[in-house]
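See the structures that follow.
Common to both upcoming complexes is chain A, partnered first by chain B, then by chain C.
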Partner chain A sequence: MTAIGALGAVTANVRPVKPRQRGKVVATLLVLAAITVWAGLGVQIDLPEIVANFSNAVGNVVQLTQPDYGFFPKTIPALVETVDMAVIATVIGSAISLPIAFFASRATNPNTWLLMGLRFVMNLIRSIPDILLAAILVAVVGVGALPGIMALVIFNIGIIVKLVSEALDGEDTGPHEAALAAGASWLKAGRSAMLPQILPAYASQVLYTFEINIRASTVIGLVGAGGLGILIDNVRSFFRYHELSLIILEILLLVVLLESFSAWLRKRLI
Partner chain B sequence: MADIQFNHVGVKYPNGFVGLSDVTLDIPAGSMVGVVGLSGAGKSTLIRSINGLVPISSGELNVGDHRLSNARGRELRQLRSEVGMIFQSFNLARRTTVLNNVLMGRLHHTSAWRSLLGAWQHDDVELAMSALERVEIVSKAYEKASSLSGGQQQRVAIARTLAQQPQIVLADEPVASLDPPTSHVVMRDLQRINADLGITVIVNLHFLDLARTYCTRLIGMREGRVVFDGAGADADERVFESIYGRSLTAADVLEAKAEL
Partner chain C sequence: MAGTLTDTSSAPSLTNRPDKPVSWPSRLLWLLVTGIALAAYFSAKLDISALADFPAQAWKYLLLMFAPPNWGKLGEAFTAMVLSVQMAWIGTLLGIAVSFPLSFFAAAPLAPRWISWPLRGVFAVLRAVPEVVTAILILSVTGLTPFTGALALAVGSIGNLGKWGYETFEAVDRGPLEAVRSTGSGAVGLMRWGIWPSASAELLSLWLYRFEINVRASAILGLIGAGGIGKMLSDNVQFRNWDAVGMLLLVVIVVTMIIDQLSGAVRHRLIHGRWAVPFSTARRRPRSSKLPVEVPA
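Let's turn to the complex of A and B:
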């Protein structure tokens, strides 16, 4: 430690100038304020109209608080399909994502072009809303659970690759360097030195994605991609609010139950 | 055999900083060399150029049959498999077992699909186990690396390089994170590797007395140049000043002796 001081005294013991950032901060705040005002004007929130429709809305809300429990047996197949879709999509999506994540991290992929290309594609995928993805796939492969699963898988790859490659980026690269120094290729070094380090993070991301899938799979059906969503679309177009109410209740229970299960599991992992 | 020859070697980092300049050295196979110098003198740069972790920018560097300046891809990996490396911070994958860490020394000889599946060959596991036996830590083989003490982790790292069956071992301040007694244990391990297996050992050290005790040859570095090269016994006060630019102080020696 004394050694550092001694050398520093000769070569580089000059205080650097503090970099100025104030201009950037002010500019950022101004831009944010401008966007907020513009957005408020854009959506044209109309308070008087909300008041005018109030009585109508009250009637519907009352219906919504009275679920038609007799409808339950008819919702079972859709309920099961929703869970199936979420589970299948999570399994396939996370399996495909793991190797891709290694190519999307600077820590495990030295090829800058491949890295940039992959990250670009992943950003693109993530920027497409899941329900839009489902709508497109329904148009391509037809109504049913299949386009729903496909949409979720693509959506999941976007999420998991991002999160896991970021976990890799943040990981200590020492063991990886040691493997490279022993003559391993990048692929082998990534598998042996980095994978064990990020496995808990990966498992946690997979569960997190499962939670997202449960929620998403209940709604992507609205565009015909299977599960409870299709049912919602049916009862809603016939104004059967008692039945809609039951479906919403089911979704609520499903999401809360599975999410708390998954959260409990995640806590045990870390 | 794997002699190491530096011929007017220079290293310039991408930011333009000169890490090594005009280094000429001849390190015959089987040497036990200590490299000393101030922080920033270029000790790590010197050692890391030998296995290509830092590319050289001028001169000629030969390690055994390999010439560093044109070694890349497959040839560089071949060279690296013959050269083990030990780090100050051990660089173990802490979340996996000690055995898996040692087996990383066998990755070069393991096919891609076997490494992906973790399906190690029996011979390689055997090699890893006997490497762990040599550093007397085989009883921890199936424990997580993170559960070991610093000294134990460094010995696992030594076992990892031994599993490579290397001709050369490079050690970059292997004892800088360890307490004095443990430092001596690790240094003795390195000394034994050199004496028993005939492996060339090049070790960077902060403490002059450690280098004198365990190495037969001392290389002193300052500002990227070799300013001393000779037997430890010849490193007197004047030599010391040429390396450190000042006289010896208590901070430069590690006095505690090993507990056996």
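Let's turn to the complex of A and C:
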């Protein structure tokens, strides 16, 4: 092993000294351990309680392993509604996000204030969990699939705009400048010079969003926003574990099937 | 193919451009997508009339929530949010503790197929179940406590981190791995010296990223009664205390954004070897196996 010294002289068998980081590592670990103890106290990890509960719980667990397949016909409308919500939200959300993404990227929007403002709003939207949004929208527009779709659309705009505008940031702006120099409007320059470049990334993001939506739309009904979640809430409050287990099985199949389909499609796109 | 060109016998002129070729597969795909979207729209039987006065309604509720929010609830809301963050932290740690060793057994260069493939299946199933559903299952055993929420987050994290883990291990350069193997090292040595040095930065940053996800998810878990900010929110929405809801939302947004920025800064340090000023960078979603792993200078 040879090392090159600071002045370029090659000296044999002299390795550079490894920088000492032990102090830093120990300090970091101590801080992490402190946070963990603090969090553990807050969460009230109570193992004896769990052991005591477990004997009661065995019955529930046994019920959960035996899905009630006779319940299936009654779940079909909710199942369809779940998929409907995800599809509609994906279509509307991705349609609204595309133009906004152009305003949220430095490559296509020279106005710093508009850019920062938009990005801030998108950060804001993404930090509100979709189910919380749905819970509020249910109170505003009433129970049903509509508030669920609206919550998903709002959340989708947050994600797609972020990811697509970052894709735009990374693209070559040469064609865009050329189009502008040739006298194109911002709209036309973006449409003909930038859009084709990000189309595969955009399509892949839309599919990714669809996966998120499928997952979210299965549980968003817990707050009254349509789909399988409403059923979960019903059977849960009556402790019908056989039926609950069937619903969970359906969610599992739905998510795994649609996700692997979408993942396959995404792989083909890129 | 139907890619028709304009008349080629005429003299070429600037205005006479060839037509764009028609791609039938893509047309069919668009037709299919449109069909599915329309079918979904009509089968959902939405009551669109509710949307007509939505802008007015939304404005009314925004005013109710934020003009002004109930500042008296700030302390209570903050305490609840702290509990949510604690749930997320414990959930993430438990998830790491289980998924980290398992993901070694799911990585192709390290484990035989009869172990790695079933493990990957388990990760996939765990990822497919939403955390809320996991929480409903677990609470039949543990009862409604914040710890239930943490456990549910841990289960979700195992699926997610397990996958990221083995993907990271597989993306590692095979050179050091072979070098360590050639010294006659055992399995533990392979992991410690062949894989960990090149995978650690990315893996740590993925762990942090999962913590960010869990902070968001823990707010949701409160809705089914697992405690934290979500419980307080659903209670206040039910009783229509809109000014309290506004305060809670503010706390959720501010705390989530602060944690995102802090964690994002640490992840940037881990991956790029230097600190970045928070709020100044456009962060990318970490894509496992695509992140450049740089050795800190």
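The rule we apply is simple: the second predicted complex is superposed on the first by the 230 of 270 C-alpha atoms of A that agree within 3 Å, B and C clash if a C-alpha of one lies under 4 Å from a C-alpha of the other, contacts with A are read in each partner's own complex, and residues count from 1 in each chain.
Here, a residue touches a chain if its C-beta (ideal position, glycine included) is under 8 Å from a C-beta of that chain, and two chains touch if they have at least 3 such contacts.
Everything numeric in this text was worked out from a predicted model, so none of it was measured.
Novice: Tell me which partner A:Ile50 touches in the superposition: chain B (first), chain C (second), both or neither.
Specialist: second
Novice: Now for A:Arg240: first (chain B), second (chain C), both, or neither, which partner does it touch?
Specialist: Neither partner.
Novice: Output check: A:Gly183 vs chain B and chain C. Expected answer is one of first, second, both, neither. What do you get?
Specialist: first
Novice: Using the touch definition from the top, say if A:Gly174 reaches chain B (first), chain C (second), both or neither.
Specialist: Touch partner of A:Gly174: chain B, not chain C.
Novice: One more residue to check, A:Ile88. First (chain B), second (chain C), both or neither?
Specialist: second
Novice: For A:Trp38, decide between first (touching chain B), second (touching chain C), both and neither.
Specialist: second
Novice: Looking at chain A, does chain C or chain B touch more of its residues?
Specialist: Here the partner covering more residues of chain A is C.
Novice: Hey, which residues of chain B end up touching chain A in the complex?
Specialist: Per the touch definition, chain B meets chain A at residues 38-41, 51, 53, 77-85, 87, 89-96, 100-101, 103-105, 107-108, 110, 112, 115-116, 118, 157, 160-161, 164, 206, 244-246, 249, 251.
Novice: What part of chain A is in contact with chain C in the complex they form?
Specialist: Touch residues, chain A against chain C: 35-36, 38-40, 42-46, 49-50, 53-54, 57, 60-61, 64, 80-81, 83-85, 87-88, 91, 119, 123-124, 127-129, 131-132, 135-136, 139-142, 144-146, 149, 163, 165-166, 169, 215-216, 218-219, 222-223, 232, 236, 241, 244, 248, 251-252, 255-256, 259.
Novice: So in the complex, the part of chain A that touches chain B is made up of which residues?
Specialist: For chain A paired with chain B, touching residues are 1-4, 6-7, 10-11, 174-175, 177-185, 187-189, 191-194, 196-197, 199-200.
Novice: Per the contact definition, I'd like the list of chain C residues that touch chain A in the complex.
Specialist: 33, 36-37, 40-41, 43-44, 46-47, 50-51, 54, 57-58, 61, 82-83, 85-87, 89-90, 93, 124-125, 128-130, 132-133, 136-137, 140-143, 145-147, 149-150, 216-217, 219-220, 223-224, 230, 233-234, 237, 240, 245, 249, 252-253, 256-257, 260, 282, 284-285
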